[in-house]
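Below is one structure. I have some questions about it.
Lettered A, B, C, D, E and F in written order, each chain numbered from 1.
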Amino acid sequence: METSLVLQNVLTPPVLFFFLGLISVAVSSDLEIPAPLPKLFSLYLLLAIGFRGGFELQGGLNNQALFPSIVAAIAMSLAIPIICFIILRLKFDVFNSAAIAAAYGSISAVTFITAESFLKSQGIPFDGWMVAPLALMESPSIIVGLGLVKLCAPKNRPNTRIIKWRRILHESMLNGSVYLLLGSLIIGFLTAAHNPNGLEKIKPFTEGYLFYGVECFFLLDMGIVAAQRLPRLKQAGSFLILFAVLIPILNGCLGVFIAKQLLIGPGNALLFAVLCASASYLAVPTAMRMTVPEAKASYYISTTLGVTFPFNIVFGIPLYMSLVNNVLI
Amino acid sequence: METSLVLQNVLTPPVLFFFLGLISVAVSSDLEIPAPLPKLFSLYLLLAIGFRGGFELQGGLNNQALFPSIVAAIAMSLAIPIICFIILRLKFDVFNSAAIAAAYGSISAVTFITAESFLKSQGIPFDGWMVAPLALMESPSIIVGLGLVKLCAPKNRPNTRIIKWRRILHESMLNGSVYLLLGSLIIGFLTAAHNPNGLEKIKPFTEGYLFYGVECFFLLDMGIVAAQRLPRLKQAGSFLILFAVLIPILNGCLGVFIAKQLLIGPGNALLFAVLCASASYLAVPTAMRMTVPEAKASYYISTTLGVTFPFNIVFGIPLYMSLVNNVLI
Amino acid sequence: METSLVLQNVLTPPVLFFFLGLISVAVSSDLEIPAPLPKLFSLYLLLAIGFRGGFELQGGLNNQALFPSIVAAIAMSLAIPIICFIILRLKFDVFNSAAIAAAYGSISAVTFITAESFLKSQGIPFDGWMVAPLALMESPSIIVGLGLVKLCAPKNRPNTRIIKWRRILHESMLNGSVYLLLGSLIIGFLTAAHNPNGLEKIKPFTEGYLFYGVECFFLLDMGIVAAQRLPRLKQAGSFLILFAVLIPILNGCLGVFIAKQLLIGPGNALLFAVLCASASYLAVPTAMRMTVPEAKASYYISTTLGVTFPFNIVFGIPLYMSLVNNVLI
Amino acid sequence: MKRLDLIISERELDTIISALEKAEVPGYTVLKHATGRGPQTIVSEDMEFTGLGANAHVIVFCEGDILEKVKNHIGSTLSYYGGVAYVSDATEL
Amino acid sequence: MKRLDLIISERELDTIISALEKAEVPGYTVLKHATGRGPQTIVSEDMEFTGLGANAHVIVFCEGDILEKVKNHIGSTLSYYGGVAYVSDATEL
Amino acid sequence: MKRLDLIISERELDTIISALEKAEVPGYTVLKHATGRGPQTIVSEDMEFTGLGANAHVIVFCEGDILEKVKNHIGSTLSYYGGVAYVSDATEL
């Protein structure tokens, strides 16, 4: 990996604001973005990327690489939790292992957005419909995670805690973030197909500088949140911290390798790798909290938000990019 | 009414997001737009349409149709509550009848905005100063509603509950939403008259894609709110539900008929009909809650938000449009 | 001072919205901008002006006037608190005098922004890097204020209340507002230097109409807040009210006089005068509340927000402008 | 010492606060954005944007004799607009 | 009269409210956006955006006999998801 | 069991929480964005944006003997910055 790539990634406004947030906690400034403002940013980003994904999907329907990419993405979101589960079982019980594993099978939309910004500032083209795989990777990993609990949980789990498949489907498909993302994708698709006029009117809202600005703001907040998670990592132990750094690298490599088979070009390949490497802090934690209360929330949240997210934002993206450059070209 | 018009209306992003909100409650997703974000959207929309109305009014001062339209609008907002009151008294006491009647005499700014979006996507021209009638229809209907209570309330209403005219004027003119709308209208007017430079700078904020995007977001929330009102409608009974569907149709027809006399063209005619047909969920409920606590808030809120608003957004607008097309042309 | 300048200033949208807020309290409308929306506006404005200042600074590095302006600004933020302290000691104890004095040595970013809008609507050019002096005037005045307490406080101040220099530096440099402003400035600088591509993408977010719109919204809120402070001014007494009007005039004159020596042109001169004349309601009150709890918050907040801020917004800016015109030309 | 818990609509908050001041309470604390159900109404968060507002929870720590005065001053507001008021014992830490 | 203070996660609020309704409480008040620490978890404001939600503080004023019913209905939720429930005395003002 | 109600400025929240942890309370709940008036200051919502912050209402359910420790740890903060602390009786549901 060329260090210049890392530097070029770090010197984009979103990543710089992420550092500003990190540092504010380190020097104990009282900078704070009070609730529900982060929720506003998060809702907006999900709506915007969903909508954009939808109309790009409409335009990309004829693209040969679309369908294989989606299938590969879903396959990865099914496979990664199982791999992670096996590794995590070395140290953790079924509940914690399954919850953490599900988070790594799923994705982080903001990591994806940051990767897109990186590609843009590098002038590397990519396809907008890569949002479709993103939108379809949340649910499968939740299903696998909860399925693992259902199958592997100790037999003496009390009756009240038996998970029903109905419940699993509900949690995986109707979680607010997943629902908004998929819903906006469908709306974008329908609008592109039937109302080009309406599309023109809403496109600048979902793509223009407002998106970039909100991305910066949200990363500022994520910097604060990530830094606040760090002290709680001590509890988690070094095994988990190592896991949170090595697994994204492993998954990112896997992603690059698969992207090569898909012949989707270097831009899309980076995005695919980032989807594999990133871990969810929206849908999955919520679903796990509801159905697997035995798992410690601080484990699956501190690792994804406190380690994997910053790692990917700062080092992961340029790392996977240089992998893509060396493997694909 | 041509079903194609309904479909064209439904396939605009704002209406699609409204459905997304409705469905999220139906399938019990946990999608939520926490307070005070809806307030932010609502404040922004009021400020923006008020300001836009003000500068369009400045440009339209010479338009012959302006003054008659305003007079007709005020007349409607005085007449509709009386008609509604007479109908509602068949089933409800004076307090509930007056409160519901006042809501239907007033307007819903978001229904108006949605109608404008519909006109734009249909390529039908309309005048920006139609916001002036909108801004002037809130207060009169509140005055009529409270006047009806003052005149018709049973004589044994306790002394503490006697409404003073001063209070009525205060509630009708200085309600936060009315005040912001009228104030922004005046600011827009003054800016257009004295500071064309400042006007150019703020116009994109009040008209551009930000407006359209916030409209989508707000309708997403309104979908959630409307769906949450539905269960409470059972209490209200079928008379009220029927009322909430038929009265907008009646008022919409009246509106189209009057618009024909005003010779204001099909675009403006639709907007006028929508003003008549829509019901208030901002200023009127607040004023009624303060001055007529005997009226059940769930009646006047559930009907306007849970039935009339969705009806107008989805079916009403295309219905009035086809009426306009058949009556005016 | 020509009254026409006042009128031209008053008839800009931001100032009109400020009046709309003031009046809403006067007529007791229930218009309200609930927390944390004002915080959102404030964070956005700080981030945007900081970022803009940063990249303008990058472009203005070769400008001869830059360095002298910064030095003069810091000197003023050190001198003004001492002057104010001496005057205030006539009536107030050390704690209150120091706290109020520090506020007047510091700046109000929104007054600065309003002055920029005024310059733009007058077509008078100014330099974007004037944000750099702004960003560097908050901390020194806090240091002077707390230093004055440390030196002049009665010897019988209990041990727990002894202020440590470390604490003073922390409060003055790492206050959330100062930190965000300085941090965004550095990010803007770095982006301009290393990532022109990223700069183009974020510039419209920090400069475009969104900025102007949020400025209007924030001034609407400031109008409400200022008017709500007024009743508490009675407690403060006429000495303080007079102080809050005369001191900005004095400081503004001083500012114009110094700006003349700096040869920075009329636009920059107005901005410099406004920096001197305005008083802080963000960083300084927070720092004082933490370290000098003996000072009455209602004194330093009511004067800055309730008197000096409105005075500057409405009369001060055109007054300093006409001073600039008469002194500089 | 006594502790008074008042739950009323945010729209009546100013009236209630003035009444408390008239009764000369030593202080009070207000928590807004409360929701709930009473014998008369349901107050939900999703209606806050309309201007109807949510409930406010007002806490007052004061001597028992002040409570009588409070009762006189807020009684009419509570009976007109609804809301509840409960008293418990409390001692300073 | 008794006063019941329940502190639970916002995610379980609907379940708890239904349980209270089943126990036929005369009313309740909910304060959301509470944070805190219990024997099991730390709940902080900065995680609200993820959908995990903060805590809710539920206050119920009711007769003592209703509390037994409440206990039966909410017990399983509390033991499954955590949360605390305390009772004190209260009298109407 | 006892119930402790603390009302302090949000700016001192971290200090107070550390003090509670040092006193080894079993848990606590925090409600931010409280406003109010005390003998010394008025805290209103419209100043929150400046960074002054509003008040926080901290609730602790704990055994009586822990309260003594709490008192020792938070006393100086309360007397320096203001705020109130009251105790009532409570029993687990």
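By our rule, a contact is a pair of C-beta atoms (placed from the backbone, for glycine too) under 8 Å apart; a residue touches a chain by one contact, two chains touch by 3 or more.
These figures come from a predicted structure and were not determined experimentally.
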Interchain contact steps from subunit B to subunit C (minimum; 1 if touching): 1
Distance-maximising chain from subunit F - centres being C-alpha averages: B
Whole-Å gap between the CA centroids of subunit D and subunit E: 20
Whole-Å separation of chain centres (CA-atom averages), subunit B against subunit E: 38
Subunit B and subunit D, separation of their C-alpha mean positions in angstrom: 33
Multi-chain contact residues (two or more partners), subunit C: 30, 34-36, 39-40, 175-176, 208, 210, 286
Sequence positions of subunit F contacting 2 or more other chains: 11, 31, 33, 45, 51, 88-89
Residue ranges of subunit F touching subunit C (in the complex, touch as defined): 9, 11, 33, 41-42, 44-52, 54, 76, 80-82
List of subunit E residues in touch with subunit D within their complex: 1, 3, 26-33, 59, 61, 88-93
Parts of subunit C lying in touch with subunit F, wherever the complex brings them together: 34-36, 38-39, 41-42, 160-161, 175-177, 221, 224-225, 228, 232, 281-283, 285-286, 289-290, 293, 297-298, 301
List of subunit C residues in touch with subunit A within their complex: 35-36, 39-40, 43-44, 47, 51, 170, 174-176, 179-180, 183-184, 187, 190-191, 194-195, 197-198, 201-206, 208, 210, 286
Touching residues on subunit A, where the partner in the complex is subunit C: 8, 11-13, 16-17, 20, 23-24, 27-37, 40, 117, 120-121, 123, 208-210, 212-213, 216-217, 220
